[in-house]
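For reference, the structure is listed below as C-alpha cells.
Which chain is which? They are A, B, C and D, in the order written, and residues in each are numbered from 1.
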Amino acid sequence: MIIVMGSDTTDAQLDVVVKKIEAAGLRANISRGIERIVVGAIGDERKLEAEMFTPLPGVESAMHIAKQYKIVSRESHKADTVIDIAGVPLGGKQIQIIAGPCSVETQEQMDLAAKFTHEAGCRLMRGGAFKPRTSPYAFQGHGVEGLDMFRKAAQKYKLPIVTELMDARQLDAFMEYDVDAIQIGTRNMQNFDLLKAVGKINKPIILKRGMSATISEWLMSAEYIAAGGNHNIIFCERGIRTFETAYRNVLDVTAIAVLKKETHLPVIVDPSHAGGKAWMVPALSQAAIAAGADGLLVEMHPSPCDAWCDADQALTPDELKKLMGTLGAIAGAIGRTL
Amino acid sequence: MIIVMGSDTTDAQLDVVVKKIEAAGLRANISRGIERIVVGAIGDERKLEAEMFTPLPGVESAMHIAKQYKIVSRESHKADTVIDIAGVPLGGKQIQIIAGPCSVETQEQMDLAAKFTHEAGCRLMRGGAFKPRTSPYAFQGHGVEGLDMFRKAAQKYKLPIVTELMDARQLDAFMEYDVDAIQIGTRNMQNFDLLKAVGKINKPIILKRGMSATISEWLMSAEYIAAGGNHNIIFCERGIRTFETAYRNVLDVTAIAVLKKETHLPVIVDPSHAGGKAWMVPALSQAAIAAGADGLLVEMHPSPCDAWCDADQALTPDELKKLMGTLGAIAGAIGRTL
Amino acid sequence: MIIVMGSDTTDAQLDVVVKKIEAAGLRANISRGIERIVVGAIGDERKLEAEMFTPLPGVESAMHIAKQYKIVSRESHKADTVIDIAGVPLGGKQIQIIAGPCSVETQEQMDLAAKFTHEAGCRLMRGGAFKPRTSPYAFQGHGVEGLDMFRKAAQKYKLPIVTELMDARQLDAFMEYDVDAIQIGTRNMQNFDLLKAVGKINKPIILKRGMSATISEWLMSAEYIAAGGNHNIIFCERGIRTFETAYRNVLDVTAIAVLKKETHLPVIVDPSHAGGKAWMVPALSQAAIAAGADGLLVEMHPSPCDAWCDADQALTPDELKKLMGTLGAIAGAIGRTL
Amino acid sequence: MIIVMGSDTTDAQLDVVVKKIEAAGLRANISRGIERIVVGAIGDERKLEAEMFTPLPGVESAMHIAKQYKIVSRESHKADTVIDIAGVPLGGKQIQIIAGPCSVETQEQMDLAAKFTHEAGCRLMRGGAFKPRTSPYAFQGHGVEGLDMFRKAAQKYKLPIVTELMDARQLDAFMEYDVDAIQIGTRNMQNFDLLKAVGKINKPIILKRGMSATISEWLMSAEYIAAGGNHNIIFCERGIRTFETAYRNVLDVTAIAVLKKETHLPVIVDPSHAGGKAWMVPALSQAAIAAGADGLLVEMHPSPCDAWCDADQALTPDELKKLMGTLGAIAGAIGRTL
C-alpha cells in the first residue's frame, strides 16, 4: 500500500502513519519528494485498508498496489481453468454456446426448445424458472415446477441445464433437480449472502456482471464464492449500463480481454441481454467470440413473438442455426473450435 | 401504450398489432402520419408490455404512457405520507437526522455513539450489524450479537434503531430485536425475494437506491414492497455511480425533487456514502435539506480514525453538532423545522 | 410528434396544444385513453420541437416519432455508401486498416512508419500534426510542419493521409497539403462551427464519436456536415466513457450494428484510443471487424517505447503485421476481404 | 510519480525505468515489497507522463501523485479569488444570480427580460446570441445582431452582460460589443484552440463543465486559459450525463465542494440546463447555494411558453422573484448575502 502525504506533513503526523503500518505487521518505507511524501507499506497489504489512513492528518490518499483478489487471480494460477459442466468442458479450446428461452413457459415450449438447441449443435441449454422482473406485476416464473419441466425437456437430448438462482432458500430445490450450472444474475452480483451460499456447494456457478460493476468488484464477488470452497466459477459479461438509450446495455468486449488477463477462469458473454434486440445478437455474438470469449449464453425461442418475456431478444431456431455457422468460421479464424 | 410503425406497414401487419391489443382487452386507435403510423392502445395498459409488440413485423417501437407503479405513486395518493418510526414522524414538516456509526464495533463504542447522537439533537440512530463488504476478507459485521449491543446502547436514550437487512433468513432476528426501521442496501435494491419478504412485515423500510438504478426502477422496487402489503417505505438517495473518480459517488439532488413529485412517500439522503469523505458531508447535507429531503442518514463515530469500516466518512461528534446548527437554519429558510 | 396529456386536462388546455400544432402547418389527432390523452401531430414533424409543448399546462411529455436526421439516414438512402479516399474505397466489401503513429515526431520516424504501414498491407496512413492534449503543458504537435513531414513520408508509398483538424482557422493549411481525409476528434464532435466549416469542402471527413455522445447526437453532428453539402462522412467509434476504471474507454461494438442500420455511411473503429493499451488492441480490432466495422484506425509506431504521446497504446510493426493476418481470416469468415 | 513493477522484474528492466527517470532530471527511490516493487520519481513530476513508463517491460502501472494543474490550484494561491465583472464582484461573500433568457429573440423580449432581471434583484444578465444546437435545422441564434440587441437592453439597467462564444473567429465581435463575461459552453470545454484564444484576452471567462468531464479535466481546461495569461476564470457546473433518463442531466453538487477545495477560483451553477425543467429549478438552485456555490446562471423568460429555445426550462419573472427570496434566506443561514 502507498500512502501519499503533503509536503508540509509534520514528523508527528508521519509517525502516526508509520505506527499504524507497523501495528499491522508491515514495514514502512518513506520517500520524501519535493511536493509530496510517499510512504510505502511493505508486507502483506491485504491486512490494510485505504480508509485506515485517509482520515489521518496529513494524508492525501492511500491505495493498494497489489490485487485484492487471490484465488481467482491469474497470478495465483497461471493456466486456464477448464470447468466441467456435466461432461461438457467450458474454458478450453472448444467454444460452448448455451442456448434456450428466457423463461420456462410450458412443457411443450421446452420440449421444442431442447430439440432446436440440440439440432443447432449447442451442447448446453438455458431457461429461467425463477425470473427477476422489474415489476411485481409481471410474470415471475414457474419456480420449482419450471425446474421440473426444464429437466424433463433437456433429458431427452442429454443437454446439461443452466438456470438462475435468486435466493438462498431455493438452493435445496436446485440440488434436488440437480441443476448442472447455477446462474447468479446481474442484480445479485453483490448479494453477498447468496454468494456465500453457492460457495459451499459443488456446482459450476455462472456469475453475471452487475449492471454497473467494475471488473475489480466482479472479481471480488467471484472471490466470495471461491473463498467458500467452490472454485468452479464462470464469468458472464452481459452489457453495462451507460448514458446511451438506443440500446439496453453496452456490451463490454474489452472486459473479455481484461478478464482473460486477470483471471484463469472462463469468460462467456450474453449477447441477448446486452443489446436487448434479436437483430443485434449476431453482430454481438461474433464480436464476443472474436474478442476471445469462451462461450455464449444466447436466447432462442421456438416462437419468439409468443414468448412470455423478453420476446424481442430471442433468436428463432433458424437464426440460431445460421449464427452457429458464422461463429464456427470465426472460431477457426482465431484457432479455436465450436 | 403507443406503438409506432413504419409508413410502409402492410394492412396485415397492422392487423396483427390491433388483434394483440384487443386480445388483452384494450381498444386500438390508429393515427396515420406521413412518415409513421401510430397505434394507441386504449384501456389498462399495465396489461401490455412493450416487448409484446416490438418483435412484430412493421413495429419500430412501443412505449407505455402511464406509470407502471401504482401504490407508491403520487397519482394514487395526493397527500404526503408521514411514517411513524417508533414514535418519531418522518415525512412531515419536521426533518429527521438519523446518526450513528457505519458498523457496530463494541458495546462501549455504541454507548458513546448513542450518547453523542442524542446530545446532537438527533431522534433516531443508525448502525450496521450485518455489513455488505466488497471483499470476503473484510470485517463482515457482528451479526445478531451486533443487534444486541445496538439495542442496549440506544435504549438508554430511547432512540429508535435503524439497521440493514441483507438476507431474508435474518428477518426473524430483526423481529426479535424489534428493529424500528429496516434498511435495504444499495446492492439489494433489486433483490426481489428480499423485497417480497419485507413486504409482508409491519415495519418501516428504508429503501436505498441501487448505485445505478433509475428513478423508475427504484419506484418499482418500492412497489414490490407495497404490493406485499407494507406501505411504510422511505426512499434513501445515496449517490449514483458515474465516470467521475474524484469522489465515490455523485449525490443526485435532482432525484429528491423528482421523487417528491412522483411519490407521496418520504425521501431521505445519505451524504456519507455519497461523497465518501467526512469533509464533504456538511456541503452535501446542506444541499440535500435545501433541495427538500425529509431527513438524512449520516455517519458519526465517537472516534472516526479508529472506526473498523468507512473511517474516512464519519463525522466526529462535534462536527455533527455543528452541522445540526446549520441544518436548523436552512430548514427555517425553507419553512421547515429540525 | 406525440404529445401526452393528463386525463384531467381541460378542453381549453387541449385547444392550446392543437392550435400550436396547426400553426406549424400540421394536423392534430386526439386519442382519449383512460389515464392519458394522446395528441398526435400529423405532417412534417421536423417543424416541431418537444419543448414547444412540454411547458404548456396539462402536457406531461412530448416526443418525436420520426428521426431528426435526414441526409445521413438509411431511410433516405438504402444502399451502402462507399467513400473514395484518394482512390481507396471505404465502406464496401473490402475492409480498410488505417495505421500510423499517434503524432508526427520526426521525418525519420514518419518515413519508417510509412514503410511499416505499407509492408503490413495497409492502404491508408494516419498521424497527428495538431494534437488535442488534456494538459496545456504537454506536447501540442508540430502543426503545419508536421503536415509537411507526413505528406513527404506517405508519398513514397502512395499512402493517402488521414489527420486531425482542431480549428477552422487551420483548414487552409489542410487544403494546401491536400490532406486526403480529415478527422474531427472526439472533443470536437459538437463543435458546430467546425462541422459547418468542413461541410463546405469536398474531402472525406472521419467523424469520431464524442466520449459520451449518444448515437442520435452523433448522427445529428454528421447531419451538420451533410447539410453544408459534404456527404463524404465516415463514422469512427473510439470507445465511450463509463464508470469502469480498468481501461480508458469502453469500446461500444453495439454502436457498429446500430449505425449500419441507421445510416448508409461507413463505420470504422479506433481500437487504440478505446482500450488505451497496446495489448488490448488485437482483441478489440477482431471484435470490431467481426461486428461489421468497415475499417480500423489503429496506432502503430516504429518504436512504441519512444513515442512522444500515447506510447502505451501503439502496436509495433510486427504486432500490426500479425494482427493483419488474423483480421484477414475473420474478414473471410464473414464474407469480406482485407 | 510512482511506478509499480511486478516482483519478478529483472534488474535490467528496473534499470531502464531508473534511467528514464534520471534522463528527465529526477531521482529514483526504489522500494521492494513482497508482491511489488515501487519506484518513486523524486523531483518535478510534471516533466514525466505515465505513458513514458507503462509500455516498458515489468511495469504494471504509473501514476502522478501531485496535481497537474498549477495556476488554478488552491495550492498555488490559498485565498479565494474574487472576479470583477464590470463592477460586480463574483466569488466573495455576496452571491450573484445571473438571469436572463436562453436566447436573444427580439429587442422587445430582451428589453422586458432586462427589466425583470433588474426588478428581481439580479445584478448580471445572461442571453445567447450564438446558440449551440444539436440539430443543424434548429434556430442557431441571431449572431452579432443578437449581441447588439442584448447590449441595448442591458444598458438601460446597467446590467453587465454574459454570453456564449462558440468559435475563435467571433472573438472580435465580442470585443467590439464589450461583452462583460464570456461563456465557454459545455461542448467546447476541451476545444483547446478556443481556450487558447480566450486565454489571451482580458475578460472574465465562465467555463462550463463538459457533459462528462472529470473535475481534473475541467481544471486542466481552466489551466489552458490561465496559461495564456487570463486568470479571470469562473467554473460553472451544469449537470453531468449519466444513465438516468428522468431528467436531462444530474446536477453534481459534490463538484462544488471539491472545486472549492481544489481551486481558488469562483464556482457557479446552471440549474436550468441541469434539470431541463423549470419546476426543478428552485430545488436545484437552493441545493447549489446551500452547498457553497458563489452564484447561479439561471434562465428566465418574460413569457416562457413562447421562448424560441429551451422553453420548458425558463422561470417566469414571478418565479424568479420568489426564488430570490428563498435564496436570500438560505444565504443568510450559511453566513452569506445575496
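Just so it is clear, a contact is a pair of C-beta atoms (placed from the backbone, for glycine too) under 8 Å apart; a residue touches a chain by one contact, two chains touch by 3 or more.
Quick caveat: nothing in here was measured; it's all calculated off a predicted structure.
Trainee: If you average the CA coordinates per chain, which chain's centre is most distant from that of subunit A?
Mentor: The most remote chain is D.
Trainee: So subunit A and subunit B: same face meeting same face, with over half the numbers shared, or different?
Mentor: The interface of subunit A with subunit B is built from mostly shared positions.
Trainee: How many Å are there between the centre of subunit A and the centre of subunit C, using C-alpha atoms for each centre?
Mentor: Using C-alpha averages as centres, the distance is 31 Å.
Trainee: For subunit C versus subunit D, what separation do you get between their C-alpha means, in angstrom?
Mentor: 26
Trainee: Which residues does subunit A have that touch at least 2 chains other than itself?
Mentor: 212, 241-243, 245
Trainee: Which of the residues in subunit A end up touching subunit B in this complex?
Mentor: Per the stated touch rule, the residues are 46, 49, 51-52, 54-56, 68, 132-138, 140, 166-169, 187-188, 190-194, 196, 211-212, 217, 220, 223-224, 227, 241, 277-278, 304-305, 307, 309-314.
Trainee: If you look only at subunit C, which of its residues touch subunit B in the complex?
Mentor: Listed in rising order, the residues are 2, 4, 29, 31-36, 38, 40-45, 65-66, 212, 241-243, 245.
Trainee: What part of subunit D is in contact with subunit B in the complex they form?
Mentor: It comes out as residues 212, 214-216, 239-240, 242-247, 250-258, 261, 274-275, 279-280, 283-284, 286-292, 326, 329-330, 332-334.
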